[in-house]
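Just so it is clear, A, B, C and D label the chains in written order, and each chain counts residues from 1 on its own.
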């Protein structure tokens, strides 16, 4: 076992990279929930869709085409979902929502199989981000650093939008109390629509970013769903802070758990989740008191 | 609060008759399907008890069934315990596990309850999947069925086993009705309708929730012990969260909080699944679309829809008929 | 409702006719959906091609009944019962996952239906849990990896770090390798088993491998995990200092192109690669590519050889379940993989193992065979069964 | 019977109750008056345990119950009704009363018997239905009865636990003056040994029922005495009647 600093730096970077990927997924899910009280179990399927679209586009026009267009395509699917299903499900209870989106998981899983087949796809890392960078005494893949940087940039952008802009204020008001927000003259429906689409786009972006790192398989959406849900439940639904904290906790527990206690690694995270729910049933940083 | 209406009795009788008919006439695959339906029906019965009458929408009932199945498998194959004792043991173990989950999650509501139960289910799944003692991904085989030869039943025969499962389901249904009609069940209804008030009246709400969740877990555990005997093999997939999701789908498809509806739903779901998977490998797509359509229709599932449409009329007619009949009988006596 | 159920069940329970002597009914039990659907489809295509190619050598007609296991043992068992009891198949073939094989084993053995295993490699199936009715035309987990341990030691590699998913197959593959590698004087300096089907990021393990001081890394991964692993191994720049070896599934022809340049230079061992030079393989590869447009994978050849074994058994005069099972245990022929024969002591296939390097070719990645290691029989591993009757 | 000592509660910087001292004798009927936001409902929530005080204590029948949760206090004989109907909406009047009575008799957690069919429970249900005049509505669902009858049921459910002390939060809230009067007759008909603490908005009606009156303003007790004294109190007129008449 290695005990030198480089080893732990490397692992910390791994943890951070995983956290950022999860953050991209969970932020959309958590803000949609906070604002609309809507639980979208199909969020993972949107991530898989993003990866597939990116893989297809990359084959035609290279990585960057997939990177920029996959989120747009997934947001497009989000628009269809919103106008076809989600808008009508808004007033239903959490169970109905869970079930409709559970049905969506089934449907989308088979649709990706029909369109793209069962074989795993993959994308090459673009030349610009290929290779490794040396710093802090370690060599780390450039592409992974890119994911970390992208995650941090999106955290900063969202923090700015939510904290400093008018639309951010509207979203915060909506999360706080949507009836009140409507009274204040905010077009709540339109706000929901925009937030839902942005959430979908971020899921698509996460898929596009993950595709060169992992393999693109039909069940990748199902695989990522549970970690994403854990992140937002630990963090507390509806808040940026919660999504950041939850992602970091998951990323670090998972990574260092794998190194220090490999036998316990996967049970550890569930135990942590159970502990959080016992002590703080609404998560660490819920949007509402 | 649970009530048996004439419509519900009628459907129950029809279901039982259909199951018996199938059990005596079907061929092997038909018996396999029947047994699958009966075991799923038992699981969704347990789920409807907590979700439909206590508002506790659990996403860990599949895992609880898996716990029951693994408990039975471990007790019989590794500990060498006799099947009847092992069945009782697996029911008790699952009940205890469910009680703990219920107690811990009692404070959570709505989506948090769903997520919390999901977390516990996944915890069990991960543990079973990774601990070598449970056989890991490859599962455990060589599981014996109950020996009922002393009463002339050879359970290794598919037909006898299907009948045995039907009997067990009948017992579980009876137990569920009794639980829902007991003081505990009444209080559970009260909690679902108004938890705050029940607490203000002096009820220890978490205890009631945990107790009922434990009882529901016992039924799920029984379903698991039967599933293990049916397949004579257990694998971690039994505990996966999609099994819980499917159980919830069946409850909704059939009609939440009607007990009879989920039984109808179980039959419909299994038959649909088999018919579709024979036609296309993409049957998940069809099931997904049907599910979305049912939930979007806002009806309370198949049975809920029937009840809303015809329930009151049938009940009234039956009531009228019985009223008319009584004087008639007196006359014939005279 | 009642009528609907009965009607639906009735539909499912029709069509059960006993097979005649000239008509061999084959139940193909494969995953057509779920994580192994791609493997199931390759085996299916290989099997169909095998029957098409060799079936005419017998007077019999073959009828295939396909059932989807969904990679779920309970589902698979139900389907196996249907095939055996209702469709009354003469022989079954297929089975991708060891879990599914474990689930149907007792049923098949009890019912006395011959089963040709076309993939699942758990050692027990032809060891402690062997059955005269189960013959394996694919491989056993240990068999594929044992020759590699000796070979790597011979190449002068002293210290190896191993990685594999944490499930029975992963452990058996690594155990098979470690056994012969240490026997030949090598040392395993570190070993990690990653959560099966839940590990997407191998970064943490790669950092450990790098820090372990090993000369090389030996791994077993398959499918999506293999793709992620190979790409991530390359992205950390480990390939140069710490060459990657493995069980050949790691760079299977089925998905090696998804791994891309990251797979170049990876050296692995397997019972089949599409570039084996012999006439049988040339004919097979051409026919398979013509039929499917894909390069044949080891899964395809397993399906192909399973069909060939069935044909050989029928040619030997077998007509019913009992005689087919007996004949299948004595099958031997030269196929794309070279000379093959069933070891009647375990019913596992005896076959050569090929060490190959993945290299860049004209139309993408291809396999360069470095060595053909001689065929060895598996140890009996506690298998006890009736001998072949003549 | 019920006593508080220096009960203090604040949410952040806002003091909602300040140093509240209350002492109710057995069988005493006390009405709490005070303008909106005076902290009356907060005081109730502190008494039954739905809120925990920052300091001070609550005593029930001589026992300090400050640390006990809601359900345990209720089982020791403290019951309450709500200003906003808090009923079991999908159930019948009889079932509403029965659920409450079963908690009192201990049948609410039994697995082997139907609590609602128990003679003890049925007896309490019949008695309470008589007391709060619900006999004609026993088999109607909550959704089928009028608002006024629901208010009666609200009190009935609280009574069905056979409490020692009954706290009623504006029992006549939202009903017309005519019905409110009838309601007060109903309250006057309750057994004399039951201790009552009632939040009331309508002063005249309050004087119908009260043995003693407490007035809260900004979370503080500003008056504590007999109804006659209250009627003449200048202070009360200023802070309570004044604001009430303005409203």
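What to note about this one:
The criterion applied here is as follows: contacts are C-beta pairs under 8 Å (C-beta built on N, C-alpha and C of every residue); 3 or more make two chains touch, one makes a residue touch a chain.
According to UniProt, the chain labels map to these proteins: A, B = Branched-chain amino acid ABC transporter permease; C = ABC transporter substrate-binding protein; D = ABC transporter ATP-binding protein.
Because the structure is predicted, anything quoted here is derived from the model rather than measured.
The minimal number of chain-to-chain contact steps leading from subunit C to subunit D is 2. Averaging C-alpha coordinates per chain and comparing to subunit D, the farthest chain turns out to be C. Distance between subunit B and subunit D, defined via averaged C-alpha coordinates, is recorded as 42 Å. The distance from the centre of subunit A to the centre of subunit D, each centre being the mean of the chain's C-alpha atoms, comes to 49 Å.
Separation between the centroids of subunit A and subunit B, computed from CA atoms only, is 34 Å. Centres computed as Cα averages put subunit B at a distance of 38 Å from subunit C. For subunit C, the set of residues touching two or more other chains reads 33, 37, 195. Under the contact definition stated at the top, the residues of subunit A that touch 2 or more other chains are 113, 266. The set of subunit D residues touching two or more other chains is empty. In summary, the structure contains touching chain pairs A-B, A-C, B-C, B-D.
Those residues of subunit C lying in contact with subunit A across their complex are 33, 35, 37-38, 41, 192-195, 197-201, 203-205, 207-208, 211-212, 223-225, 227-228, 231-232, 235-237, 254-255, 258-261. Per the touch definition, subunit B reaches subunit D in the complex via residues 1, 179, 181-184, 186-187, 189-190, 193-194, 196-205, 207-208, 211, 215.
Residues of subunit D touching subunit B in their complex: 48, 50, 70-75, 79-80, 82, 86-91, 95, 98-100, 102-104, 107-116, 118, 157-158, 161. Remark: subunit A residues 1-2, 4, 7, 10-11, 13-15, 17-18, 113, 117-122, 124-125, 131-132, 139-141, 143-144, 212-215, 217, 219-220, 223-224, 255-256, 258-259, 262, 265-266 touch subunit C in the complex.
Chain contact summary for the complex, subunit B toward subunit C: residues 11, 14-15, 17-18, 21-22, 26-30, 32-34, 36, 126, 129-130, 135-139, 141-142, 158, 227, 231-233, 235, 237-238, 264, 267-268, 271, 274-275, 277-278, 281-284.
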